[in-house]
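Structures are listed in the sections that come next.
In the two assemblies presented below, subunit A is common to both, partnered first by subunit B and then by subunit C.
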Partner chain A sequence: MVRSINEAVLRLSPIAIVLVVWQAAASFHWVDTAFLPAPAAVARALGDLLSGHEIRDNLFVTLFRALAGLFLATLSGVWFGIGMARSWVFNAIVSPVVGATYSLPKTAIVPLLILWVGIGNAMGILAVYLTCLLPIIVQTYHGVCATPAVAVWSAQSLGADRRKILWQIFLPYALPDIFTGVRIALGFSFVVAISAEMIASTTGIGRLIFMYGENGSYDYMFAAVASVVIAAFLADRALLYVSARCLRWHESHAASEIGAFG
Partner chain B sequence: MSGDTAEPKAGLRSYALSTLSIAVILIAWESVARAKLVPELFLPSVSAVLLALRDGIADRSLPIDLGVSLYRAFAGLLIASVVGVAAGIAMARSALIRWFLDPFVSLAFPAPKIAFLPIFVLWFGIDHLSKVLLVAFSSVFPILIATYSAAISVNHLLIWSSLSLGSSQPMIMWRVILPACYPRIFSAFRVAVPVALITAFTAEMVAGGGGMGAALMYSQRFFESPTVFAYIVTMLAVGLVLDKAMLAIRDQFPSWCESN
Partner chain C sequence: MTSKITVRAVSKTYNSDAGEVLALQGTDLEVKQGEFVSLVGPSGCGKSTLLYIVGGFLAANGTVLIDDKIVDGPGVDRGIVFQEYALFPWLTVRRNILYGPRLQNLPAKQCDEIANRLIDVIGLRNFENRYPRELSGGMKQRVAIARMLAGDPTILLLDEPFGALDALTRETMQDELLRIWLEMRKTVLMVTHDVNEAVYLSNRICVMSARPGRIVEEFPVNLDRNGTREAIVLSDEYNRVRNKVWLAVRQQAATQTTRA
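Moving on, here comes the complex of A and B:
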């Protein structure tokens, strides 16, 4: 326990050093605090915002949009991926659409979604959903495709039906890839939710950051950005934890995922 | 691609079906728009989009916007590659640098960089510089992490052999470690290019200042739906062409690069 605390202190000390230098730079007026507010001012703003409703409500709105879109995309993306891997007809029909839209910057469709569904939760969730769908489809497809045929034949020869093969062979084999896809999609979900809010929204942390910037309350703007960074970091960590738990049986996966930057 | 995995076989029939699938989508789109089942504002016909695309190319607005966006994306990528490769190798070679940078990389890697846009605008203005630097900030982390993990896993035998043959440290860096990292750096590049594009387009959509994103928002504000679609189609084509180009470059790699 003591050792792990020591390690944590050692790991986090660079952040402390930078904060101290930053605070000194602001206190001694080496930098213009109008452009770079002191960490103490940002911390005060963050405390103020967290105790009030501003950041908390707006951050929760953004998190809700990002995670709801991600959840729906995972639910449907996995089935699309399995369908594409298992049926050449479905694959031939869907893959040109997936291939063409994969490299489209998804924020570009936000103006269209505004026209189609207006601004608000539905637009945010839809934009996140469409963005997250593609990496999950592609990763699931690769995972299912890479399933060794020997495993499928063995299951068949032991009398497993199609449903059983799907649940007990293909899905477990694809699970590490599905988690990779979900992790990629998690990163996208925050970017798209926040971008959509910056482009057009009345709620959400993206709009809040932008509003503070336009009003010139930069300590609050920095505090809101810090809250987003921390939320995204925690969400990523939570997903890594869940995937490490779910893939405990899978050789070398947990070790390779939580490597140097874990 | 061999027979020992459960991959579906690609054949002539599936290519035909793929072509048919695209054709059906385009025809359905055109006929829905022509039949005025939805207002033209929401879904302009394919032909209207193609006309808008032609007009945009003819009056040079679209190529100029595209040039501005690509300049921002690639200038940012260039900065990200130099910084990312240098920092990645430095972290792999020096425990002190690794200790210092690790918490920042861990914290910043999953962060949605677009949230920093107002800060970058505050520091670097609303023109090129803030967008170029935001692109660099967004795309530096995949490159840094790939370089780092490639550099720490360089086969020690290679380093020892070149040491015993009398190589200097800079020579080992340029002739052994960097070449050993190329395949991984290139794979990271395939991740970083779409990130750079999406960041450039999105920053322009949010902060304006010219480029594809700003033009897209501008036409949406004036309800010129065909132009909006024309810009989206162009973005889609650019993403597709760049990805195909990266694949083509990868195929040119020497055979010792076991990238997949």
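Moving on, here comes the complex of A and C:
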């Protein structure tokens, strides 16, 4: 009990220190508050924004784009990864494309996507989808390849056919890696959804941040950023919770990741 | 009496970074129905490879017959246990054991009976809903054996099944395996590097040469397995066979060293 209270204090301390230094910097005029508004001013702006529709509506638009893209990328990325791991023909065709586009910043092709699908939800979702696809493919591929032959042989000797092996052996074995891929992709999904909105969009929290920045309303801009930070944090928590539930059987569960990286 | 397992002129080549490696060359083996045969030999002699070929997991040149039918892949007639257990970590003990019966769409009632019986056989009544990561090595190997038996195979293939266990647990597990075999009289082909284990359990021991492996010597073992472990291990026959097999394996290992 004492330890958990101490731990909670320790975990909150860096955030508290940043806020105190930040507030002090503003209060003692170490910096120009026109460019770095005080946390108190940001909190006021956040309160103001939350009482209206502006943040909520735009945040939901961004969340929708980020999560829809992530969801579609998970569905197809897992199949690409399994296909690459299980078929050398498929791997020979797909892996050069994956290799060539893996480190490409997907925001660089946003102008191209605008040309193809226009601005709006489709463009945002597509940009997020393309970004999230690659880490999920790579992690799934790794998980399937790392499945021990003895596990597959055991299942075969108990009567599992190819289909059953895929669903009941390779997929569960790859599940911890798939969750790792989805968690990496979740981080990217917010980055890309917001960047795409900053490049070209009429809605979304990215456009809102950009607009406040252009207007010089930095307290409101910080408030919008804070709302994204909170939403992204909660989304990551939710994913960790789901993965911990699904991976109760896994070795990592004993050294619960929530404790290690929470 | 016809053979349960027939291996005729089987050769196997592996591709490795250092080029082609000949693992087995012209291997012959016959195992009769209900017989317990052990394969021993220097490490790297291809004894596990031979077991995997009989299991249908690896393809090879030559002929492998089970009940006079050609083996062209794994089958439910051959159950297998590996040294590294190979349990399905996302399934509980009970569901690991039921993996085979469920694949065969046996009715739920029959599945329950199989699970309950085997959980009692391996003595893990209080652990049936645990995941493998919560079990000790000996417990995991018991589950692996139960999972194999639940598939009701006619042949048991054992790949150094107790190699990863401590000495005391290993003896307990050997006794359990012996009891199961005496009760069910399945045909067993076991790979081991432990000569004592081979003599204690088998009817016949096949000694393999260093790579490329083939069976070079066979030793029949005529022991009354209904006695206690002490009576068996201290008997003259046990020690006579053990010394002969031990010498034969050493000779094969020495050939390997000289050649290398």
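Note that the second predicted complex is superposed on the first by the 234 of 262 C-alpha atoms of A that agree within 3 Å, B and C clash if a C-alpha of one lies under 4 Å from a C-alpha of the other, contacts with A are read in each partner's own complex, and residues count from 1 in each chain.
The criterion applied here is as follows: contacts are C-beta pairs under 8 Å (C-beta built on N, C-alpha and C of every residue); 3 or more make two chains touch, one makes a residue touch a chain.
Owing to the predicted nature of the structure, the values given are computational and were not obtained by experimental measurement.
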{"item": "Which superposed partner A:Ser154 touches (first subunit B, second subunit C, both, neither)", "value": "second"}
{"item": "Which partner reaches more residues of subunit A (counting touched residues only), subunit B or subunit C", "value": "B"}
{"item": "Which superposed partner A:Leu175 touches (first subunit B, second subunit C, both, neither)", "value": "second"}
{"item": "Touched partner set for A:Ala146, first subunit B, second subunit C, both or neither", "value": "first"}
{"item": "Touching partner for A:Leu115 - first (subunit B), second (subunit C), both, neither", "value": "first"}
{"item": "Which superposed partner A:Ala244 touches (first subunit B, second subunit C, both, neither)", "value": "neither"}
{"item": "First, second, both or neither for A:Pro14, with subunit B first and subunit C second", "value": "first"}
{"item": "Contacts of A:Val97 with subunit B and subunit C, given as first, second, both or neither", "value": "first"}
{"item": "Intersection of subunit A interface sets (partners subunit B, subunit C)", "value": "148-150"}
{"item": "For the subunit A and subunit C complex, residues of the former touching the latter", "value": "148-151, 153-160, 164, 169, 172, 175, 248-251, 253-254"}
{"item": "List of subunit C residues in touch with subunit A within their complex", "value": "52, 55-57, 73-76, 78-80, 82, 84, 86, 88-91, 99-100, 103-104, 131-133, 144, 147-148, 151, 153, 157"}
{"item": "Subunit B-touching residues of subunit A, taken from the complex the two chains share", "value": "10-12, 14-15, 17-18, 35, 84-89, 91-97, 99-112, 114-116, 144-150, 152, 170, 186-187, 190-191, 194-195, 198-199, 205-206, 209-210, 212-213, 218, 221-222, 225, 228-229, 232-233, 235-236, 259-262"}
{"item": "Subunit A-facing residues of subunit B, complex", "value": "3-11, 13-22, 25, 41-42, 98-119, 121-123, 145, 148-149, 152, 194, 197-198, 201-202, 205-206, 213, 216-217, 220, 225, 228-229, 231-232, 235-236, 239-240, 242-243"}
